[in-house]
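Next come two complexes built around subunit A: one with subunit B, the other with subunit C.
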Partner chain A sequence: MTTIAPTRQARLSIRAREAIYGYLFIAPAVLGFILWIAGPMIFSAWVSLTQWDMLSPPKIVGLQNYRQMLEDGLFWQSLKVTMYFTVVSVPLFQALAFAVALLMNVKVRGITVFRTIYYLPSIVPVVASSMLWAWIFNSDFGLLNSLLQAVGLPKVLWLQDPTWAMPALIVMSLWGIGGTMLIYLAGLQGVPAQLYEAAEIDGAGKWQQFLHVTVPMMSPVIFFNLVLGLIGALQTFTQGYIITNGGPGNSTLFYVLYLYRQAFTYFNMGYASAMAWVLFVIILALTLLVFRYVGRMVYYEDESR
Partner chain B sequence: MSTRSHPSAGAGELARSLALPRTRTAYSRQLGRCFVWLVLCAGAVVMMLPFLWLISTSLKETWQVFRYPPQWIPNPVRWSNYPEALTTLPFGLYVKNTLVITVLNMVGILLSSSLCAYGFARLRFPGRDLIFMVLLSTLMLPYAVTMIPSYIIFKYLGWIDTYYPLIVPNWFGGGIFNIFLLRQFFRTIPVELSEAARIDGASEFRIYWQIILPLARPALTVVAIFTFLNNWNDFIGPLIYLSSPEKYTVALGLATFKGLYSTQWQYLMAASTVMILPVIALFFLAQRYFVQGIVLTGLKG
Partner chain C sequence: MADSRLSRRQFLTHTGRLALGVAATSLLAGCGSNAGGGASTPGASPTSPSGGTSQGGTTTISMMGWGSPLEKQNVQKGLDMFQQQHPDIKVKWIHVPQDYFTKLKTALAGGTPPDVFWTGNLADYVSRGVVMDITSYVEQDPVIGKPDYFLQPQEKERSTINGKWFGIGSCWVIHHLYYNSDILEKAGVEPPSPEPDKAWTWEEFLENCRKLTVDASGKHPGQPGFDPSKVQQWGVSWPTWSLPRDVLVFSNGGEAFTPDYKCHLGEPEAMEAIQALADLAVKHQVAPQAAQMQQLGMSSWQMLASGKLAILVDGSWALQDISKMNFKFGCGVLPKMKKVVTEAQAHCHVICSRTKHLDAAWQLLRFLSSDDYQLGLCKAGLWLPSHTSLLTEDGLKRWITPGVHPEGYDKIATEYLLKYSKNYFYPAGFEQADQILTSALDPVWIGKMTVQEAFKKTNAIGQVNQVLQQAKAKLEAQL
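Moving on, here comes the complex of A and B:
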């Protein structure tokens, strides 16, 4: 008995020691979570119930900020703008990135050069690419209108016409498909060749192979990119701030741009915080929708998980 | 991706061994490839045109900029746009400022994210996976939610118009994304290595520092590269927290430049080129780490 007890104690303490070390190692992240995420979130929820310009003390107004949003035309405009951008740019972006990845997956000459060329635009800093595209879209001497004129088409007032400003920003966003394209390409290269061979034996044509082998095998990657793309698009800010500054006629007043103005131009901290929470709820709801309707179709190789 | 054999894999091998005459399929396949190659070429031209337009404009005189049809190769080439653009606003200073922030963030992020990743990947303790999931779920949180309260907190700390708000938070965990990436990598290192060291009486910290970190150099490089890119590109952070022009970063300086010289496109393009060049250079120097980072984060998600 006397010889067993210490051993057991020692064994327990090894496990306890490991746990203590575990908590110590992850302490920075947990502390960071409390200090920079959970704490600010609680604080933000409270701020959203106040009227606060940071000069005079905050005044608690209950749900007034949220009620005010319902009547704020610019709030609805910014929501509409962001939804327009998201609904058009995310599917286009993903489809284009996927299509290019499919083409790259065909073994053709110069693939490394192509990969580099398509990837590079996606790492260009967004401030610099905004600058560049503002010039490309310039109505008189920009690249795009020069090309249009060269083929005999009329000029488009890309950034001055409320109808065309958003399409212009969407086109600009497509220039950055490279990173997502590479993720798709890596996924495509991981699809076992036997699956295609088996499908071919079964008499499946290229299109059927694509539908019944490529798409199911790629569905986790598609899903991952779709969710990340959605979350990113809903938070678009820099392009709208630099290229159009929300204009013309508020046609590119992105949600986060309007929120930024409320917070840092008008110093309506309460209203801006309320807007942030509404955005959070929208993102959660849309992500859940995608999980529910797209996630269901995702095929995992390892179903036992 | 798993490579375990599929029941119908045998059929494929069977077909191959039959070696059917395939000259016709081979011919049409060749044609298909040629077509794909042409489409990729056309796309590549579209992707490259903005870059060419950027560089071309950056080397023009004003009268050449406002000319139709545009001249792709400016004559004369005006190199002096670069020094002129870069001294109109003190871009050298902005580069220095950005590098100070970046280096401090790199140290903080590499240290703290690898510490946390070690805990999550190599140690067992109650609640580990739950805590990890909670941290991971914050990736869905829009930065707008924490942006305003953080601003208020930093304002009361007297940190507005300093670099602290852009650096200090990164020293706490270094971002769940980086922890996730390193954790994935640490898990691939054989457990026997740390077990052996533990038996030899090495402390957990020593195992982390002397065994795991040296082996994880590729993954740490990936994190370092992404940290550089994020800091070099970050706009909204400096925009909110920095107000004195002498503290500006490159991104903020460039945006200000556009406000001041909105029609001097040759200068704007020269300054933009200077902001883009280090990123492109980094890509060519460390190409395989870029790809590795994309694979590590994209596929195992």
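Moving on, here comes the complex of A and C:
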């Protein structure tokens, strides 16, 4: 190994240089992914095969954590709660965000002010808005029950009654449509005006224009929001954590809330990791289903895909 | 849905930290699990606690704790005082106002534990071998070691496990009544006394609450035409979480958790008391049903101050905030079902079993249980003292503060706390047990089930005992 290649100084080819730059440019993202996402994921996959309280050394138990889930009533309860929330809130959320975006797309004076107002709730931290909503839902002095009573309806124990707690949280989640609405709005503004003009000339009314121009042109955006909304709903945590703490009677025990409790309250990091992987698989499966059955209804203007 | 992704990110961050910490943790395995083994040095631990460096004769130790801005300020004041007394020990104060226990567990798992930390449930941490046995330090200490230094047996009950000292408290907090003086006067109700032997009976309490509950047409519960949906002023708010719930169980001669790791809430006296608590809202209609939710939205303190509520059951710590609200109020002992009693508990300060600076950590722990340290928060109304010396006539003068402590409050300390308080026993595994009980009892508070039905349907007591037995086995293996 004493020979040193003296002429290695020769210039690298352009191709090689570009490759090096390319790798350098993607390095932060790739490194970040490996360090902060892939690494912990592999680690958590291993932890899911152990019994580990984070304080004493982990003990490998094979698939016991996964088997335990089948018999854990609260696991199924949390899954049920999360599915209920997802199935009801995602369509409502998307429909409302789309409807508001349509309104915000109307050309009237001061529309930017309205857009700002409708987006504002999304800037409020979830903890703060959760507090506000808890106040609104307060059964004795809350705004909502005052309104109900003003029109002669009985008061509802929104957050104490297992039947009503989840509907209350779903209504509250609609408060956060701002971000999604904005994406819809951007999409709406990208729909070429000549399509509407053409449709109008062909005698299409407003409703038909909406159905045959707006919806198809918006379908990639709808699809995008639907997938993100679905994933987000399955990972819901904060409302159940702050407002109801999973109650009453575990009626708002979201999957991730139960996972968090297992990890950080009951010291069962192994079980929590196993739960995380099960959720990952569920999300993956549902997302693939949506791609398979909803994805093919999406119309792309550029059909080169 | 940015919120849920945020929590996911937090989760991943934690997992990330854990990943980094795992190597250290497995190295610590030996050290971490032999913690019960007396006050000897914890052996050659390969990882040092965060900030645990000594250079030039100065030792730096770290302490992790929570606390409101006021508490934080007080801790800082205390630490400054400590610094003057011990110029050779530097304390790095890690203040975690939110999600404290998550952060603590992560720090312990990540191999960078603080030398001294605050525990909620001591047994949970002892059973995982992260708390140092300080028995010999306590017993040999010329001040702390004196048998009449602390309020006993409460201090021993909360700080020792199997006769070994694992921590020291620096205050007590109990439950008692707060009332709005003007409202009681207007209704012609004699205020509840701060003297235990003058405690209301349950019947007197109910009767007074009825007088104090008024609907829009001026009617009281029990009168024809009373409309519970239009109540303008409630008689009482008695929260339903573990401490205020179980203090009534104690008063009815029942038990919650006992040191043999059994839950007794399914026994007749206990169920009777819990039902009586639910009936305040459900049957007698003298309490709002939203008791446990009041902390969100309009707090029960605001209700009390604004005259929407006449009597409030709350922890003694609430005095700090209630005394700052602009209204006339007083404090009294809780009504009794069978006997006069209140629960007492508070956090402990402990030394991490992996500390490399045991002597310095002990000096800090010792300071944290001194008069100097606890007086600040006693004066503010957040704490009650844990030293007998502060309950003597001269001792009371050092912390009872006009404008914070209402008239007669000294009796709450010298009589109610000293002679009638019962240490609330927290078994390892308490949080999980409590969550099982809470979710089982939720339908009871709104009158959908009786206590008996709720426990029977969910088998909550059986589940709780199972959790406790597992926790006990773990604790015993560690001791």
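Just so we're on the same page, the second predicted complex is superposed on the first by the 291 of 305 C-alpha atoms of A that agree within 3 Å, B and C clash if a C-alpha of one lies under 4 Å from a C-alpha of the other, contacts with A are read in each partner's own complex, and residues count from 1 in each chain.
The rule is simple: a contact is a pair of C-beta atoms (placed from the backbone, for glycine too) under 8 Å apart; a residue touches a chain by one contact, two chains touch by 3 or more.
Every value quoted in this text rests on a predicted model; they were computed, and no experiment measured them.
A.B. asks: So if we stack both complexes on subunit A, do subunit B and subunit C clash, or do they fit?
C.D. replies: Once both complexes are aligned on subunit A, subunit B and subunit C clash.
A.B. asks: Quick one: classify A:237 as touching subunit B (first), subunit C (second), both or neither.
C.D. replies: both
A.B. asks: Should A:51 be classified as contacting the first partner (subunit B), the second (subunit C), both, or neither?
C.D. replies: Neither partner.
A.B. asks: Which one hits more subunit A residues, subunit B or subunit C?
C.D. replies: Answer, by number of touched residues of subunit A: B.
A.B. asks: Identify the partner contact of A:40: answer first if only subunit B is touched, second if only subunit C is, both if each is, neither if none is.
C.D. replies: both
A.B. asks: Per the contact definition in the header, classify A:114: touching subunit B only (first), subunit C only (second), both, or neither.
C.D. replies: A:114 sits against subunit B, while subunit C stays out of touch.
A.B. asks: A:68 contacts which: subunit B (first), subunit C (second), both, neither?
C.D. replies: A:68 contacts neither subunit B nor subunit C.
A.B. asks: State whether A:219 touches subunit B only (first), subunit C only (second), both chains, or neither.
C.D. replies: It touches nothing on subunit B or subunit C.
A.B. asks: Does subunit B (first) or subunit C (second) touch A:155, or do both, or does neither?
C.D. replies: The second partner, subunit C, only.
A.B. asks: Touch test for A:265: subunit B only (first), subunit C only (second), both, or neither?
C.D. replies: Once the two structures are laid over each other on A, A:265 reaches subunit C alone.
A.B. asks: Which segment, 149-157, 167-175, 221-229 or 275-283, is the subunit B region that clashes with subunit C in the superposed model?
C.D. replies: With the two structures superposed, the offending stretch of subunit B is 149-157.
A.B. asks: Enumerate the residues of subunit A that count as touching subunit B in its complex and touching subunit C in the other.
C.D. replies: Shared contact residues on subunit A: 35-37, 39-40, 43-44, 47, 54, 126, 131, 134-136, 138, 140-141, 149, 179, 235, 237-238, 241-242, 256, 260, 264, 269, 276.
A.B. asks: In their shared complex, at which residues does subunit B touch subunit A?
C.D. replies: The touching residues are 1-3, 5-6, 8-9, 11-12, 15-16, 32-33, 36-37, 39-40, 43-44, 47-51, 53-54, 57, 65-70, 112-113, 115-116, 118-120, 123-126, 128, 131, 134-135, 138-153, 155, 169, 171-174, 176, 179, 204, 208, 229, 232-233, 235-236, 240, 251, 254-255, 258, 265, 268-269, 271-272, 275-276, 279-280, 283, 287, 290-291, 294-295, 298-299, 301.
A.B. asks: Using the touch rule from the top, collect the residues of subunit C that touch subunit A in their complex.
C.D. replies: Those in contact with subunit A are residues 1-8, 11-13, 15-16, 18-19, 22, 25-26, 29, 32-33, 101-102, 105-106, 108-109, 124-125, 128-130, 229-231, 234, 288-290, 292-294, 296-298, 303, 308, 429, 431-432, 435, 438-440, 442-443, 445-446, 448.
A.B. asks: In the complex formed with subunit C, which residues of subunit A make contact?
C.D. replies: Answer in residue numbers: 35-37, 39-40, 43-44, 47, 53-58, 122, 126, 130-131, 134-142, 149, 154-155, 157, 159-162, 173, 176, 179-180, 228-229, 232-233, 235-239, 241-243, 246-250, 253, 256, 260-261, 264-267, 269, 276.
A.B. asks: Under the touch definition given earlier, write down the residues of subunit A that touch subunit B in their complex.
C.D. replies: 15, 18-26, 28-33, 35-37, 39-41, 43-44, 47, 54, 100, 103-104, 106-110, 113-114, 116-121, 123-128, 131-136, 138, 140-141, 143, 146, 149-150, 175, 178-179, 182-183, 186-187, 190-195, 197-198, 200-202, 221, 224-225, 231, 234-235, 237-238, 241-242, 256, 259-260, 263-264, 269, 272-273, 275-277, 279-280, 283-284, 287, 301-302
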